[in-house]
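Here's the structure we're looking at; comments come further down.
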Amino acid sequence: MHIGFLGLGNMGAPMARNLLKAGHRLSVFDPVPAAVAALVEAGAHAVDSAGAVATADVEVIVTMLPAAAQVKAVYLGDDGLLAHARPRVLLIDCSTIDPHSAREVAAAAEAQGNPMLDAPVSGGTGGAAAGTLTFMVGGSDADFARARPLLAAMGKNIVHCGGHGNGQAAKVANNLLLGISMIGVAEAMNLGVALGVDPQVLAGVINTSSGRCWSSDTYNPFPGVMDNVPAARGYSGGFGCDLMLKDLGLASEAARQARQPVILGALAQQLYQTFSAQGHGGLDFSAIINLYRKEPQA
Amino acid sequence: MHIGFLGLGNMGAPMARNLLKAGHRLSVFDPVPAAVAALVEAGAHAVDSAGAVATADVEVIVTMLPAAAQVKAVYLGDDGLLAHARPRVLLIDCSTIDPHSAREVAAAAEAQGNPMLDAPVSGGTGGAAAGTLTFMVGGSDADFARARPLLAAMGKNIVHCGGHGNGQAAKVANNLLLGISMIGVAEAMNLGVALGVDPQVLAGVINTSSGRCWSSDTYNPFPGVMDNVPAARGYSGGFGCDLMLKDLGLASEAARQARQPVILGALAQQLYQTFSAQGHGGLDFSAIINLYRKEPQA
Amino acid sequence: MHIGFLGLGNMGAPMARNLLKAGHRLSVFDPVPAAVAALVEAGAHAVDSAGAVATADVEVIVTMLPAAAQVKAVYLGDDGLLAHARPRVLLIDCSTIDPHSAREVAAAAEAQGNPMLDAPVSGGTGGAAAGTLTFMVGGSDADFARARPLLAAMGKNIVHCGGHGNGQAAKVANNLLLGISMIGVAEAMNLGVALGVDPQVLAGVINTSSGRCWSSDTYNPFPGVMDNVPAARGYSGGFGCDLMLKDLGLASEAARQARQPVILGALAQQLYQTFSAQGHGGLDFSAIINLYRKEPQA
Amino acid sequence: MHIGFLGLGNMGAPMARNLLKAGHRLSVFDPVPAAVAALVEAGAHAVDSAGAVATADVEVIVTMLPAAAQVKAVYLGDDGLLAHARPRVLLIDCSTIDPHSAREVAAAAEAQGNPMLDAPVSGGTGGAAAGTLTFMVGGSDADFARARPLLAAMGKNIVHCGGHGNGQAAKVANNLLLGISMIGVAEAMNLGVALGVDPQVLAGVINTSSGRCWSSDTYNPFPGVMDNVPAARGYSGGFGCDLMLKDLGLASEAARQARQPVILGALAQQLYQTFSAQGHGGLDFSAIINLYRKEPQA
């Protein structure tokens, strides 16, 4: 299949590579020339603009962009995708943005005859490279069925969450809970250890009890409890604090518009903000445990 | 084995019954005569006071009491267990109290030659009846080995958490995280549903993603998502808000003494307190989701 | 002076009346015909659109609109003020919006030769009617000097806060603190009374000590402490919870963009949101004290 | 008048000196010999123990101790004040402790015929030296009338707050609000300044608007806004973070016992705890503003 692909950053580039590996033909665009060059070397065809992706003879266009502002510009701009896309070309936006904007862009697309899906991912750059991403997809049953094989070339868990924007809504809800859970684990581990329990013993108790959660049993933030997690390598790599901060910002803004309280969520957002303002926004989000670290006594 | 058992409430009574079923001989005491009578009918021998339990020819004494004040009175009082216990009788306190008090009582016990374990449980009245409780145990290796078969008659997961008070410390840390996670799930479910996602679809996404936790996959608070949880029966039964409030009070007080911040934990405590003050303290703790419920529009 | 005035709602209408009383000539517009008719009866001249206000022979245009979306539409729209305003007409926006949007509109205005001020107010509908509003003004010294006499016809405290957007920034900071203080007073009063202190005695202690604040000494939320405040009349009138919620939303969004934590502020926002979702958004914001009210025991 | 005085620390010593200056005769005790020696040099008479203060021929005994544990030991201990006090000697405890403990001690005192008042102070070491403390007093009208002249020798604002423990309750409520307000001012100042407003201009707006409070107009935490406050001298002196932390701990514990939520209060406590754990507990509590400080960009 001939596919257009826009956005070749840390996530988009490995996703595009997986589509090439699956045998698809790709026409790609990114404002960073080196990003384009790397994909061309891997077998993609370069075009000059978002509009040129749309005018290429593609059946599907995939976008992976930083935020809603870029999504709106790329889709709704004067030289954007909607201005040039041929009828019935399927548009799949994998960016993480707010559900409201996702619905706005989808409505514009469908009004002119282009089916659209929002399909944000989880799994990070590791999952993007390994082709094991989770896709949370919003849109019609038929469009989801059409996109599924394509998404399966880039991920292994493809979930249909309902109509337009529901992929974003599900992701925002999941990451709200993730952001809270991680701080909860940080507090529980630090408290138990301060009270004298060995960290591995404590994690063992929690992971077989009612406190069990992904942040504890798969991504424990306390150093020495697990291997192969950011806590085992100085909190490098992984999912950055500033990305968690972005997602919690989407969650609290969506909550505000829906007039729905997110009390712990808003506090979690502020704690990541505090930690980021102290200069640690580039560390993995599990480093938030250091906000609770006590200074050694003199 | 001849065992003394004090405290025949909602938890203590079924635990004592499981010891009888396992073939042990029991001498029991509780200030509520009806509670004693029910156990006598099940085969236990009644005695008149805490002191009388200690003077009976028991090898082990198990206590299951409401709070630290009762534990101190029963162990340290003029007619209490320590005043009368014969040397080397093993004392096992299954009450949930603060680690500091647990260590204080254990030190007094060992000073006069009685080995002691703190062994708080999780699993609720259902687990107590079914004999599937988790025991989190603090004390020496030898005493843990001695107590293990006895505890296994009442539970199925028996975890040694380190020295005196560490059982309490592990429980307090786990329940701190549990109290936070449940509110996190409540916020995430309510937000996703307010944004248009079906609750069962949303729970499915979360339970296979990084938001996964016991409060979501085993005890989901959103009505209609799971059967056989309090949310499916009007939040009756289960683990009451006021018990969660007690445990979060123990956690924040232990944190205060350890000079360790518990930011989300303290907020969670206040939210359960708010909900309890509104008259809902007797509901299962997952009912906290109703604090976030929007009034129907007129 | 001939003045254009757009936005004749609960705040705008009494402000416009005070300009008429001060002897100015007014050309007014509002999409609600009855609002226009009432001002015409008071002596104003009605025009048909925002553009028509700009093309009238006015020296100054004052706008008082609900939110940033309306401000952008009225100023930047195809038939908006900037499309039609004659050079050097002074534009004064009294709406409460985010500083970023205020700066964006001001930059567009000044780029085409129209000086502009942001001049949000505090003091409520009572202050608007009495002409005792506080104006927090952002813009140049010269423009501030030019606007001052006009603003003095509508208010009594006219403060220059610096360049464009600084009026909004000062207001958002003040109201962030106000929203926090009010909840702080609610907690302190409820706690002291729950501990047995008479509410008036407690307010007296606080108002002469380090807890003293406007929310305590001028607008106390505890019923029976003061006359002539919303707490003395069932929390009717005053400054609605939903307006406080809007202002805290502006504050937290501005903080997010500035990457500045507002920890208590974000929590306060969520508490007003919780109270509003429970159906009380129309009450005065001091009614938040009822979120803490205990149910009478049965 | 012959007065007994126990507790000659940073607060107690200058208070005792003011009683000497007012012409009273003092018998003093403190476990630190140097503290006693300094008072003896100023004219006091030293005795050897708490009990010895009580057996001296005093009419009134004043105590100023660190926490409830010391108060209970000094009043209720085997060689304590109640064991030795002659009938009708008036006992005045100026320590800051929880209302519950204050009531417990007062009940014991009155049961044996000694009238008692709780009379915690505000005003810090400066106020203690200058004799300008505020006393918040709990006890009977008659006892308050009897104590008033004595307290007036040490302070200038003597407030009767009701029965036993109400002095403590009023102080705890005031300081709860103070701890919240200070963080609110820190957030508001930091936000406004981050948005471009000059700190002095912003403080001027707040201090004449609805955000006005003691933490802003008398003790502003932003450096450069006021002289003669801790913010002007690197946050040295003043009222330490760890003392605020102690008072918020009393407030949240009293709230827990009264089943009264203190949502912002509990969060404020955790923020001071976080800041203290980072090594800053000895700074004035207004230094909490530094928790929000952004790292300079490289």
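Here the chain labels run A, B, C and D in written order, and each chain numbers its own residues starting at 1.
Note that a residue touches a chain if its C-beta (ideal position, glycine included) is under 8 Å from a C-beta of that chain, and two chains touch if they have at least 3 such contacts.
Values in this document were obtained by computation on a predicted structure and should not be read as measured data.
More than half of the residue-numbered contact pairs at A-C reappear in one of the options C-D, A-D or B-D, namely B-D.
Two chain pairs are in question, B-C and A-B; the one with more C-beta pairs in contact is A-B.
Here the spacing of chain B and chain D, counted between their Cα centres, is 38 Å. Distance between chain A and chain B, defined via averaged C-alpha coordinates, is recorded as 39 Å.
Look at where the CA atoms of chain B average out and do the same for chain C: the two points lie 51 Å apart. Shown for chain B are the residues in touch with two or more other chains, namely 255, 259-263, 267, 271, 274, 277, 292, 294. Those residues of chain A lying in contact with chain C across their complex are 249, 252-253, 255-256, 259-263, 266-267, 269-271, 273-274, 276-277. Against chain B, the residues of chain A that register as touching in their complex are 99, 122, 134, 136, 157, 159-163, 165-166, 169-170, 172-178, 180-181, 183-185, 187-192, 194-198, 201-202, 204-206, 208-216, 218-219, 251, 254-255, 258-265, 267-268, 271, 292, 294. Those residues of chain C that touch chain B in the shared complex are 267, 274, 277-279, 291-295.
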